[in-house]
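Per-chain numbering from 1; labels A, B, C, D, E, F, G, H, I and J assigned in written order.
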Amino acid sequence: MEFLVRMKVAFPGEMPESDRAELRKREAERASELASVGVLVRLWRVPGESANWGIWAAADATALHESLTSLPMFPYISAKVYPLARHPNDPLPGEPADGAATSGS
Amino acid sequence: MEFLVRMKVAFPGEMPESDRAELRKREAERASELASVGVLVRLWRVPGESANWGIWAAADATALHESLTSLPMFPYISAKVYPLARHPNDPLPGEPADGAATSGS
Amino acid sequence: MEFLVRMKVAFPGEMPESDRAELRKREAERASELASVGVLVRLWRVPGESANWGIWAAADATALHESLTSLPMFPYISAKVYPLARHPNDPLPGEPADGAATSGS
Amino acid sequence: MEFLVRMKVAFPGEMPESDRAELRKREAERASELASVGVLVRLWRVPGESANWGIWAAADATALHESLTSLPMFPYISAKVYPLARHPNDPLPGEPADGAATSGS
Amino acid sequence: MEFLVRMKVAFPGEMPESDRAELRKREAERASELASVGVLVRLWRVPGESANWGIWAAADATALHESLTSLPMFPYISAKVYPLARHPNDPLPGEPADGAATSGS
Amino acid sequence: MEFLVRMKVAFPGEMPESDRAELRKREAERASELASVGVLVRLWRVPGESANWGIWAAADATALHESLTSLPMFPYISAKVYPLARHPNDPLPGEPADGAATSGS
Amino acid sequence: MEFLVRMKVAFPGEMPESDRAELRKREAERASELASVGVLVRLWRVPGESANWGIWAAADATALHESLTSLPMFPYISAKVYPLARHPNDPLPGEPADGAATSGS
Amino acid sequence: MEFLVRMKVAFPGEMPESDRAELRKREAERASELASVGVLVRLWRVPGESANWGIWAAADATALHESLTSLPMFPYISAKVYPLARHPNDPLPGEPADGAATSGS
Amino acid sequence: MEFLVRMKVAFPGEMPESDRAELRKREAERASELASVGVLVRLWRVPGESANWGIWAAADATALHESLTSLPMFPYISAKVYPLARHPNDPLPGEPADGAATSGS
Amino acid sequence: MEFLVRMKVAFPGEMPESDRAELRKREAERASELASVGVLVRLWRVPGESANWGIWAAADATALHESLTSLPMFPYISAKVYPLARHPNDPLPGEPADGAATSGS
């Protein structure tokens, strides 16, 4: 099943830049892992904001929650999850059911 | 450039089902055309609603507006457009800049 | 997977009471079918409104959408779907994954 | 009477992880007590958020307030309570009136 | 249990004034009946609007729903119900639990 | 004139429990004084929240403001005031015009 | 007591222009009467909208409601009333308490 | 040109009362200056809140901004400005165009 | 003075396309007139909606209201006006004060 | 492509005025650079707020994000971006496609 997720990131004001940079690095690594198994499908920045829109795939909301909370930046993230149902006019035939890794084509 | 678009569809109450079916048929054809040239990238139903979320690609908002207003159901659609900026952690490398048809992989 | 669904019902003003009564009757029958296969888990009225809150179970949002649109009153319903993830403190152990009929105990 | 309750949990930034873990442990114990007497009926996580949806049963809003404020994490919780009225199509016959412990069937 | 209820009244534009007057008359009679059994406790107009705030008492939300839907004007009413819990500083000692008629003192 | 007032209470995180208890004690005393002169008419807790709904009576908004700001907890309160107009169907005949003490019947 | 009132005017689409003009004429006459007795203190248009902001004075919300509902256009008006309390820095000393006609200086 | 301005005042929690009192004193002086030149026309308290509604006059939004930011309490104020257009039914003939001092009648 | 204006256009469902086309034609002519005297400064479509954002210049809100209501499509427009104050970092030096025609450079 | 951007600026309470002044100075310099290459097209203050509306031009949302995050005050800014499509009635013929510096006429 696929989900649309909007995440807003807010680091505490007093967090030093070095810690932020380290977190972003670990976040990128984790995102890459999640992408490699088809859980993170697409990710965009919201222009002008410390926020992003993403397409995620997971067996269900419980599995999605586990993936999201595995992100190093999760403690500083407020996320809003929108469930997605398949649309007959979707250009992508037979979307991956549960985030199993696919060729991404 | 890619856009996230949420569309809510509301047919007038008195519109006969046959007209609705005809519109949906023409809408599917137009969607397929737009998908074939990479303008419509992904489309999902909002569960429980006559609405959809979609990922669209176009040179800019003007081109996007032309694509959206070309949909047969546009007169019955209220859309909300969210601009998307590339994210370094996006699994899809070098997303198509202006909706030019791509292999979709 | 379970979903929380809020449904608001609005019949057209000119719909005769007899049609409404007939729709309610068919709705109750359909609800009973959905309950018997574990798709409709619980249903409450929102006091003072023509609206209800429900707990639904389905394999994913696509299956849920099919169940909701199968309701006779769906054309007069605007629904909002909230995805639910399992909670370790949930009194109901191992909630039914995909709406398969259970003893409901 | 049953209530739908949405709770958002926000620990102060400076609270050490050990304190949080201790609170979660005591919260789980209290939740289990409340479940055993039928006050906490169901509980789900909101995916991606430190929040939950729950079905609670109590004689009235006063009793519900006492149950909610008995939660160890209540000082860090902002809750929203939605009153629920019985629906004739509810799969659960004769829902427990005042949260008295039931077999949960 | 007491509830705060906000009701907005919207008659269809084409409803003749005579029908409205008749409905208001029957509404006043029903309100008086509900007041006499302690269900309707207080009622105020929202200045400038066709709306009112009211304090209602009922055993639970199900009983409240039955009282509200018994109002002749209910088909033209959209109501919002707020559950109320007893407050230790409430000037009215031992508020009527379930709308049973009281002396109103 | 009567007013509906919703108050949300938020003590600073670092305020010790003893100070809170002292404030609540003084608040209860002040509430009792205001009730004795008919300014505080009714008060309920919002279940699950540190908030309350109240019915207040005062000559006008200026007098109401003075009463509200006289509450010991006012610095930690955000209030929203809704003006109330008399309703012909109000069970309480001739509501006290300006909060002058009445028998409360 | 003074009130800030925002009014939005929406005539039914099918109302002929002549009826609208007649209503506006009668509305201006009534407004002038209300101004002459100090009930209508100031009135402005919301630029770009069929709406206005106004300062009104009345003994209380009940008297205000009577004044507002006396406007010929009231059936086509949705109003929102904001109660106003005196401010020590108000340039107008000792604002008229209950809308009694004053010299307006 | 006149503007309706809603201001919410929020002093930092740790600001000592003496500083607040001093700020209020300077604010009253500045308000009096602005009133004397017709920039501040009327000012009311929002009952129950640390907020106010005001009618201001200025040549344009730029001049208004300069007046508002000249208030000693501005750093602790969040303001919302509503532009006002003249209304033919306004009791005040020929409202002062740009906040030039007038007799205030 | 400049204003940001968002306009949403909603023709009645039954309005024939020919009437709409005629209105759009007259609207374009009027827009051109307003642009030629510097009242309409810039105009953009909101992608996906029958709505537009515009920068308008006028002596004050009263003059702006007159310009907006002079638009042929005004009866079908709901507008929201945002007042704009000059910003020291604005690339356009000395913006036209009251919409007087300028070279537009 | 052009964008409408609303920015709200919030410096931490404890930031000394000298730092703020320095930031504003660097912000003005950066704004001037962005204006010189046609990225910042227009900028206005929101009267009464520490916020601004601006018209920006960029190849796409990704380029816009880079420009916005290059502002020295970005860490203290929350921005909302509205995509703009060309309107046939826009007084500015052939708006600059991607923020390339133009004569500004």
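The definition used in the following text is that a contact is a pair of C-beta atoms (placed from the backbone, for glycine too) under 8 Å apart; a residue touches a chain by one contact, two chains touch by 3 or more.
Nothing here was measured: the structure is a model prediction, and the numbers come from that model.
Hopping across touching chains, the smallest step count from chain B to chain C is 1.
The interface formed by B-C recurs in D-F: of the pairs listed in F-G, D-F or G-H, only this one shares over half of its residue-numbered contact pairs with it.
In a homomeric contact, the two copies may use the same or different surfaces; for chain F and chain G, over half of the interface residue numbers are shared, pointing to the same surface.
Separating the centre of chain F from that of chain J, both taken as means of CA atoms, is a distance of 46 Å.
Our note on geometry: chain E versus chain H, Cα centroid distance of 40 Å, whole angstroms.
If you average the Cα atoms of chain B and of chain F, the two centres end up 52 Å apart.
Looking at chain I, residues 3, 45-47, 61-62, 64-65, 81, 83-86 sit in touch with two or more other chains.
You'll find the chains touch as A-B, A-C, A-D, A-J, B-C, B-I, B-J, C-D, C-E, D-E, D-F, E-F, E-G, F-G, F-H, G-H, G-I, H-I, H-J, I-J. Only residues 2, 4, 27-28, 31-32, 35, 40-47, 52-53, 55, 82-92, 103-105 of chain H touch chain G when the two sit together in their complex.
Those residues of chain F whose C-beta lies close enough to touch chain G in the complex are 1, 3, 59-62, 64-65, 81, 83-86, 97.
Residue ranges on chain H touching chain F, taken from their complex, read 13, 45-49. Chain F makes touch with chain H in their complex at residues 3, 5, 7, 12, 61-62, 64-65, 68, 78-81.
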